[in-house]
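What follows is a structure written as structure tokens; I'll ask about it next.
For clarity, chains are labelled A, B, C and D in written order, and residue numbers in each chain start from 1.
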Amino acid sequence: MSGAPSPAVYPLLLWPQAASQAAVHVDWLIFAFTAVTLLLTVPIFLAITYFALMYRSGRQVDRGHTSDRNVKIELSWMLIPFFLTLAFFAWGAQIFDVEKHAPANALEIQAIGRQWMWKFQHPGGQAEINDLHVPTGQPVLINMISQDVIHSLYLPAFRVQMETLPGRYTQLWFKAERPGQYRLYCSEYCGTDHSVMDGLLYVMSPSDYARWLSQAGSSQSLAALGKRLFSNYGCSGCHGAGATIRAPDLAGLYNRPVPIDGGGSVIADDTYIRDKILNPDNNLIAGYKQVMPSFKGVIPEDELMQLIAYIKTMETSS
Amino acid sequence: MARGDLRVLLRVLRVPALTLAALLALLAINVALGATLPFRNVWIVEAGVTACMVAIVLLVSMDILEETPLIRLFSSIGFFWLLIMFGMTLTDYAYR
Amino acid sequence: MAEPVGIMLAEHFSTVTQQRQAAKLGLWAWLITELLLFAGLFLCALIIRIQHPASVTLAATHLKFWIGAANTAVLICSSFTMSGAIVLSRIGWRAGMLRFMLATAALGTLFLLLKGFEYYQDYVEHMVPFLSGPYVLAHDQASRLFVDVYFITTALHGVHLITGVSILLVLTWQASRPHFLTRHQNRIEVYGLYWHFIDLIWMIVFPVLYVLNR
Amino acid sequence: MSPSDAVMRDPGTPQATMGRPSDYLHAQHTLRSWFFTTDHKRIALLYLASITVFFVFGAIAAGLIRLCLVVPNGQIFTNDTYNKIFTMHGVIMVWFFLIPSIPSTFGNFLLPLMIGAKDVAFPRLNLLSWYVFMTGALFTMATLVIGGVDTGWTFYAPFSTTYSNTYVIPALLGVIVVGFSSILTGLNFVVTVHMMRCPGMTWFRMPIFIWTLYATSLIFLLGTPVITLALILLVMERAFHIGVFDPRLGGDPVLFEHLFWFYSHPAVYIMVLPGMGVITELVAAFAQKRVFGYRFVAYASIGLASITFLVWGHHMFVNGQSQLASTVFSFLSFAVAVPSAVKVYNWTATIHKGNIRLDTPMLYAMGYIGLFVLGGLTGLFLATLAVDAHLHDTYFVVAHFHYIMVGGTMLAFLGGLHYWWPKFTGRMYPEAFGRVGAFLIFVGFNVTFFPQFILGYLGMPRRYHDYPPEFQLLNILSSAGSTILAVGYFFPMIYLTWSLWFGKRAPANPWQARGLEWTTSSPPPPHNFAVTPRVDFDPYDYAIKAREVG
């Protein structure tokens, strides 16, 4: 375990802590599902036990009037449990749909999984390892990627997890409501120290969070860091204002369709922009000559996230 | 070779020879299309031609037309499973 | 010229029809597994096309289209000779059947030789990204995925063909002995199904790798 | 009534006395006669012996895992050693025990007997299948024991292709080879069921066990080649860098998961379906009653085998699969509940008004029904999208599939082993010890795995060597349960071995059961039946008997 003070340790925990209303909602779903499960199974258990004892060989009981088929009964015990449980499919799918669509105003935190640690970057540029501080009352979107194998960011207090994949961004969001310390884990097996790739999740009131941000110390926001990288890596030489080389204009690029050489288009999302920086020769953009060098192996994942953060702000500046 | 032998040979080889001709003709279409790419989405035609070739081999060369229903079932079940595999996987990749 | 044709009844079967049908059904069951084995590769090829369309087109234009086309024609011809062997085995014309079987094996070998030449050409043109050496499309990383699928698919098909030719040669040797058709005619039928199916797989491989949107 | 018919109608009739040693066990004695046999019954015993050895290895690994988890900070082994142990447990139990367990042992032994055939359709292929199995399994076992593999039985890319530093390739090669054994067995069974049924044995006169074996064989044929290919691709990528999953080239590791689960979810039904068949046989025999709704139960077997190919994506809800795919897969997973419910409710209805004997096999069967129901319904929890987002990759999953595989397959295996033991060996097992063993296994199993549902719900991830201290009490409980379970397993191992020499000689039909396998002697003669049977009655023809007793 990481050395930080642990969350409340109970000798025997029987119900997990919930840090959000959504988590409580999932608990209700599981609770109701358990109730229906018992409704469907307890009669079977009782019936089997009762029949086994009642009709034991040698007992004198009425064994007559049995039939060996009854289509109506069989259809009903096929279909009634199915439709009963189908309600839970719908309920679960509805919650899942909410989990998949983060509100637009969410605070975006970048996360990188690698063997065997988590790195989080806040929009203000504050970075932390393994532990994560988040404010209450505001939706938080975690945009994450893996640097090596598949990991999975698991936040049981919010009843959510999402895998981090190499080469592709995935997202997870939650709205914290109850301040406290909770655990976070890597839940997808990732090698030697998989079981120590965990940390603590600090849910704080907005003011505490602001205080923590200022103490965590970062002079520059993620976008500002990205802007500096943009010139350091020479991106501004071609993509910047007044560049002599004809390179695609990045202002307003984010989340717009980009026409592809040979027809079709792709949406310029985080994964696309990252891919274009690393492999500019893939999926050439229509109307431009490809002259950009590849930055594969040059720019690390955390700096890629900063560059993308900067490119996103170019949308508003134009 | 005796004259009678030749006649027998021609008789029994009639269907295989016709199959050969049909397959080569279809291949020629596909090769021509692939070499020239005459229009957009030509792959739809090419896939259709390929399906025809597969059907001819199955039905004629492999005698499915004359087989028992059981063997017919077994010859199609694999292709049906292919549809499941491709269809279900595409619900992921086509909607990411 | 015609010999009696039939099969020898094995101990645990009760009729010849049963034994014949069992062999055929067993081979069809095996062919299902062959189809699904290759289907996994076709699925990979499809997914790579969806994810990297431009890279796949680029890589596909570097494949040896005309060798692939010639090879397809060779296999179609071998299908014909195999059919010939089967129909002659049914009428008990052993000498003709043997010639057709040898022709089939020869065409299969020709396919493998052409395939080997194609691999050599790929090597010369630096289209073998997994070997230490230059790769002509090194600037387009994703193209490697498709080239990898090309090599795995064709190699796997090649393995099937090598197995097929070997079995065919052994079968030809067995069939050259007297009384073979009297006892084991259905071996020719069953083997023919396998050969046709390898051809069928190639008829799908060729368009999937070489032709579609090249 | 023909003479053969008379034998069928009255199982109590003594067999034509041909005098020992006329049965398949005593027909020949040389080692050669065992290792080059084409007799399906002897091949079944070869499988039984080999999978028992593999089970012992897998169980030792499980014991080490539970030992290690008694303390939260995992001081007993290093992290790497722990990872190798759970991989060994998973690989051995899934690939070398559970998948071949019931089909290759009971299936091989009973399939020809139950349909009145002299042997399977391709006896030599059957023997080859065992050799292929042993080649692959021993190869992988050697790797696991000497060097170890740390990928988990799921071999996810890119960890397995690039990052693991262990003997992944040899382990994969062994698993690939074992897959061919599955294919050959499945092929043999499919053809045998279609072609080798004795006169009068129509499809709807076949025992349910044969239906489930047939369905399982279809899964072998339709699923196994895909996993073979997926694993070949892993080997290619790891050994020669010819890969399609490598994310550094833009490849998609999720594609491996699609190919992997396209087989590996149906593989669950390879393990479960034959178990269901065994339980149906046991329930009917020990309730002395026809199977309620025979046709529905038979169709449900084929239904399960088909639906199981449509639900693999429920293993992938949180890995970046599209939301549409997740929703579709979730919905289809609920459909699995339909045929499963048919089975469970129909077993219950079969027991109703039966003439029930609570012998050891029946105890296992009743335990099976309870555990399978719990395992199945928790599967529905995991198929629910929002619930899976919480429980995925936690101990809840571990508990769920152990309820299915141990509570399901393992109990069915043990139940069937006791039920057919007299037929296999010609000896009876000691009943009292049998009941104690069944009780210990049931209790030990529940104490081991029920706490894991709670652990998972509390958020303990699986494959964790080093876990937070608040989970310790439940882990200790689970480990304590595993010791009871281990003692339970020792029981049958010891007394069944004992009974081989000292058990009471078994009559042809010790359970007064119906079915062709009980009409021949125990153990059966080399060619199964003195005269080819002719069937003119329905399966589970218990009606007359039940009325007499009632």
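One rule holds in what follows: a contact is a pair of C-beta atoms (placed from the backbone, for glycine too) under 8 Å apart; a residue touches a chain by one contact, two chains touch by 3 or more.
It should be emphasised that the depicted structure is a prediction, and the values quoted were computed from it without experimental measurement.
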What are the mutual neighbours of subunit A and subunit B in this structure?
C, D
Of C-D and B-D, the pair joined by more C-beta contact pairs is C-D
Whole-Å separation of chain centres (CA-atom averages), subunit A against subunit D
35
CA centroid of subunit B to CA centroid of subunit D, Å:
39
Whole-Å distance, C-alpha centre of subunit B to that of subunit C, is 14
Which subunit D residues reach two or more other chains?
194, 222, 226, 248, 250, 254, 258, 320, 323
Contacts with 2+ other chains: residues of subunit C:
21, 25, 29, 32, 35-36, 39, 43, 47, 51-52, 55, 141-142
Which parts of subunit A, given as residue numbers and ranges, touch two or more other chains?
279, 282
How do the chains pair up in terms of touching? List each pair.
A-C, A-D, B-C, B-D, C-D
Looking at the complex, which residues from subunit B come into contact with subunit C?
5, 8-9, 12-13, 15-17, 19-20, 23-24, 27, 30-31, 33-35, 37, 42-43, 46-47, 49-50, 53-54, 57-58, 61-62, 67-68, 70-71, 74-75, 77-79, 81-82, 85-86, 89, 93-94
Any idea which subunit D residues touch subunit B in the complex?
194, 222, 226, 254, 258, 262, 309-310, 312-313, 316, 320-325, 328-329
Name, in rising order, each residue of subunit C that touches subunit D in their complex.
11-14, 18, 21-22, 25-26, 29-30, 32-41, 43-44, 47-48, 51-52, 55, 130, 141-142, 144-145, 148-149, 151-152, 156
Any idea which subunit C residues touch subunit A in the complex?
52-55, 57, 139-142
Show me the residue ranges of subunit D that touch subunit C in the complex, using the header's touch definition.
117-119, 121-123, 125, 183, 186-188, 190-191, 194-196, 221-226, 228-230, 232-233, 236, 240-244, 246, 248-252, 255, 258-259, 527, 532
